[in-house]
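For clarity, chains are labelled A, B, C and D in written order, and residue numbers in each chain start from 1.
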């Protein structure tokens, strides 16, 4: 039997949606069935997505659904595949990881159903090849992720609602833009749209593209819309956060890639106005991205809550992705896609590790953890490498992507974007160091004496993702090969990848040979270790408590702020304090409260008094008659 | 001519009764006022050569509805207060 | 195929309405079955009528007097679709009724119930303006009476609501009647098609005055913004099935009458459409904003109804085919989904004994089936994909985009109102499924007879979301009928 | 005070606008038989319908369907009054005030009651010949019953009989319409011979309908009065 006939995107989606349903009903009766079925479906879907590599398909999968006969299309192409494989593998690994983490949690059965649904709708978003199905899957994705956030119970209510409101606002803005495009061009299919784009009025493009972009900026938590991100990421159930931050946040970037480069296309984008050879639209996105990266980093530095710290870090890293995306050169787009991949890898590991630690310690405060490095070596190691990747320390793949983005920004001479990105990068080192220090080093609180690594189901995904991070650090050409074909699909000059030696990333400006760098670094480390080993003989082992507590017992004073992680970056925080106080959240809150008050006032219109109502009626008639005499 | 004057007087009376029945605080008087309005309207309809409508107005406007109002006032309160 | 004359859809219910009280003297349980039979008849008749009218409008002349001298019934695809909607919603409500009627009232309740249906059917089928007035009167007076009969625990509430509704409703009919009189004075005819052909040459001032009066009169029935003071009290005071009838039948018929007068008689006068647009937007915002802070479930649904009617006004006043199709779709969706919501809310309130939204915590565990149905209805009103509301919203937005720059603004306003709607519905749905109940005991679900109409409605909501083509087959000719006007439709006029 | 002045202003606006529109634009008193449908009614009404009273010809024959609707409106309204006023748990008709009417009233009512009934009946039976008709006659009949109520404190109607009467006459009207549909294909078609105008038995279905309407309206208005009288204080 020719199995390849079944390797089609629509079957992936159908499999997942049907799988969600089956898992729900089977899972009601047996938890074993729930776990195995959800693993089975997501794994199968992952396999199918992987096999879709290199295929370019496009097919109608529903009859027309509007009076004007719009059909729904799905298809794959290199860009789609690149995102799809990230989403699918993260979903699969997260489901695996969730099995021990979500055990016995609230509405466990719903969790798997919704995760499969979310996986299906995320893949639907990337596979859809027309505006309508894109929007439908987008809405499904928002809804299922909203429901996943609310699974955490009452404390996540507000965060989830904010997330939903902002997402819907973005979605509606997107809908407006999409409908504009549809009404103007009379088609929803992407390739037909992009064929008609040249010669479209610039104002129209700005408006529609801007409206659509708002939806994506909301999803990627960029500057004016980032307020939902930290609460939602941190309050979401631990099993969902890795997927939420690792996979879902990329879809905003995917949408922008799709609309900016696939649909509108580079030349029309430049035609909308350009700035130093970069389209103004893209520049605006890049600027927003860089500012987001900067601000979110500042917030991350002062967080003591491990999930909030990672959440802000997510926002900031997505800012980098947007930055590369907006600049839109061959180098920056490659960097952006590569960073999306890297971020998916390392942030997922970090959130998984954080989830495991939270489950162990029962708290999210870093100042109540510490010293876990020796007790949880696997967690420590995987998170360590991921943090290196996050902080863009050479020798990790995170370095490669950030390097590409910086180089693109510097090449273009963006005096505003590049420095912001540098500062943010330093910041990300600071907060990731704090995470490392506070959680894994320092004192081990008494309650955690018998802490140990989580079960295999948790560590396997973490190890898998970490090893990919390391692997890609050595052979960046592998992912960059896929990225290059995605780039050429988007009509951007593909980045040159040395296909014989996957170690080199190169372009006309310079090259980076990962193998060489890696070797040099390893050698340097070796030297350092040898030196340390020799010098180590001079060191003396001291009980940690003695050094700064003068022999006092730490537990009695844990509220004194004597923990390493307490006030970790006090001076920096003090420096930025006045600015950080101007939080955007307050504006949104004030707006929300203001509107609620206003609606309270509007409600008074219905006073319940008939006389008043009669006044309204007579007044309305009087007004109509005056109008009748005046304008008619 | 005489008819015109008579009609004018009737209309004036009707307006007076109408305003009176709106303004008075004694609801029973107000009902009597509306009854008077109905009667005059009925006469006017007759003058305008619409006997069918005049009959309906006399029977329903001046008769039944007045009775309904009076019964209602009897069951509730006679005086209006703000 | 059997042809049932559309006039019988009025004649039989009126006959049965007169029959029910006397039969009830000898056979106490008869009203329910007689009413059920009548509604079934109307359901069959309107289905057949819809099939016939898709080919050519069905015209039925009353009393043998050709228009414009006599009264005529004109059933195009639009009218017959609404007639079908009315009879099917009435049928489903009939299933839902029993425990919500006080004992001792059944006779009159069922009588009024079918007369309400007859009035609403007449409103959508008639082709004569004065006849429209008469049927509007039947419908609205039957609504007052049903409202008065549906006293629940709080006796005073329903009566107070009735009196409010009655006062405003009599204003409505007074203005409507004056408007008709002015039109008759200006043109000398009452037949809609004849009016439409004579209005352009009639005295402009009189016509405009008449239009103002009619908009005011019918705007009250259609829940237009400053005229809809009766709505929240009436929906709240009424027993649940009657609320369903208000939302799905009475208001829809009133709205349809307004649209028909504006589009067919006044030929979609731009001035009138501008007024409808502005007040539609106001209605939308006032309705949704008032619902935002509600703590009373039925009041919230009532305000949401107001908002939806605003959306319909906006959609229709855009005056292009896409927007009209979207508007009609939204009308269907609202009738079905809001009916479902009121029914499910009714079951909640019946089981809980309170209308307070905060009592709904954890209902998903306590009454799972009803909760699921409520959620389906709410999702559809919110416009989530795979539910009817989504299609209607998308089509309306597409229609508004065709109206140029103002249309763009309208689209944005519609969507921001939908956002408010999403927020308050989401809060309720969230409460139902995600909160822990204070009292964990399982509540008794409604019996199957009551569940059945809800399941049917939920199925329709889904069907509208995933297979809209079936509905477009009817809605597109219906919208074209509105746009084309009456002129060519009525023979002999 | 503010409310009152707003009301006054609104009323003033409406009044001025409506008054001037009507005064300027509505051609009062002109001969407008050529403009609309009225010429047909005026010149062919008697031949078409056989009713000498043109108003009746229009109300019951040309636009008989409206009248059916209006009867229903009244029917529903009467029920509605009952709905607003009824109260549960207590049998109706127990708490009427027991103030005896004077001898004159009682005697007068005994003499007048049948005469008023007869007058009402006369009005609706001759609806197609002389001014008046079912509605007017019904109202007169209701007045007769009102008289009865006022004079006799113990008087109250037999609800079942009234309901049955109402039903039968209402159904008669609807049946006449349905029979027209069955016999000729038009609802409410005048399927009886017109006869010669001016005779009592002429004008086809009009007398039947008017008798039905008269009785129905009389019964309904009486019902409303009954409801009003018997409600709890």
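What we mean here is this: contacts are C-beta pairs under 8 Å (C-beta built on N, C-alpha and C of every residue); 3 or more make two chains touch, one makes a residue touch a chain.
Quantities reported herein were computed from a predicted structural model and do not represent experimental measurements.
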item	value
Selected interface, A-D versus A-C, where C-beta contact pairs are more numerous	A-C
Between chain C and chain A, distance of the C-alpha-averaged centres to the nearest whole Å	45
Centroid spacing, where centroids are CA-atom means, of chain A and chain B in whole angstrom	77
Separation of chain B from chain C, taking each centre as the mean of its C-alpha atoms, in whole Å	38
Multi-chain contact residues (two or more partners), chain C	163, 205, 209
Contacts with 2+ other chains: residues of chain D	17-18
Of all residues in chain B, the ones touching two or more other chains	none
Overall pattern in which the protein chains touch one another (line/ring/star/complete/other)	other
Chain C partner contacts - residues on chain A that touch it in the complex	63-68, 132, 135-136, 139-140, 143, 150-151, 153-154, 157, 160-161, 164-165, 168-169, 172-173, 175-176, 179-180, 182-183, 595-596, 598-600, 602-603, 605-606, 608, 610, 612-614, 616-621, 624-625, 627-629, 631-632
Chain A partner contacts - residues on chain C that touch it in the complex	163-164, 167-168, 171-172, 175, 204-205, 208-209, 211-213, 215-216, 219-220, 226-227, 229-230, 232-233, 271, 275, 285-286, 289-290, 292-294, 321-322, 325, 384-386, 390-391, 394-395, 397-398, 401-402, 408, 411-412, 415-416, 418-420, 422-423, 426-427, 430, 434-436, 468-469, 472, 475-476
Complex interface listing, chain D residues touching chain C	17-18, 21, 24-26, 32, 35-38, 40-41, 61-66, 68-70, 72-73, 75-77, 79-80, 82-84, 88, 160, 163-164, 166-168, 170-171, 173-175, 177-178, 180-181, 184-190
Sites on chain C touched by chain D in the complex	5, 7-8, 11-12, 14-15, 17-23, 25, 60-65, 68-71, 102, 104, 108, 111-112, 115, 118-119, 122, 130-131, 134-135, 137-138, 141-142, 144-146, 148-149, 159, 162-163, 182, 184-191, 194, 203, 205-206, 209
For the chain D and chain B complex, residues of the former touching the latter	53, 55-56, 123, 131-133, 135-136, 139-140, 142-143, 146, 221, 224-225, 228-229, 231, 233
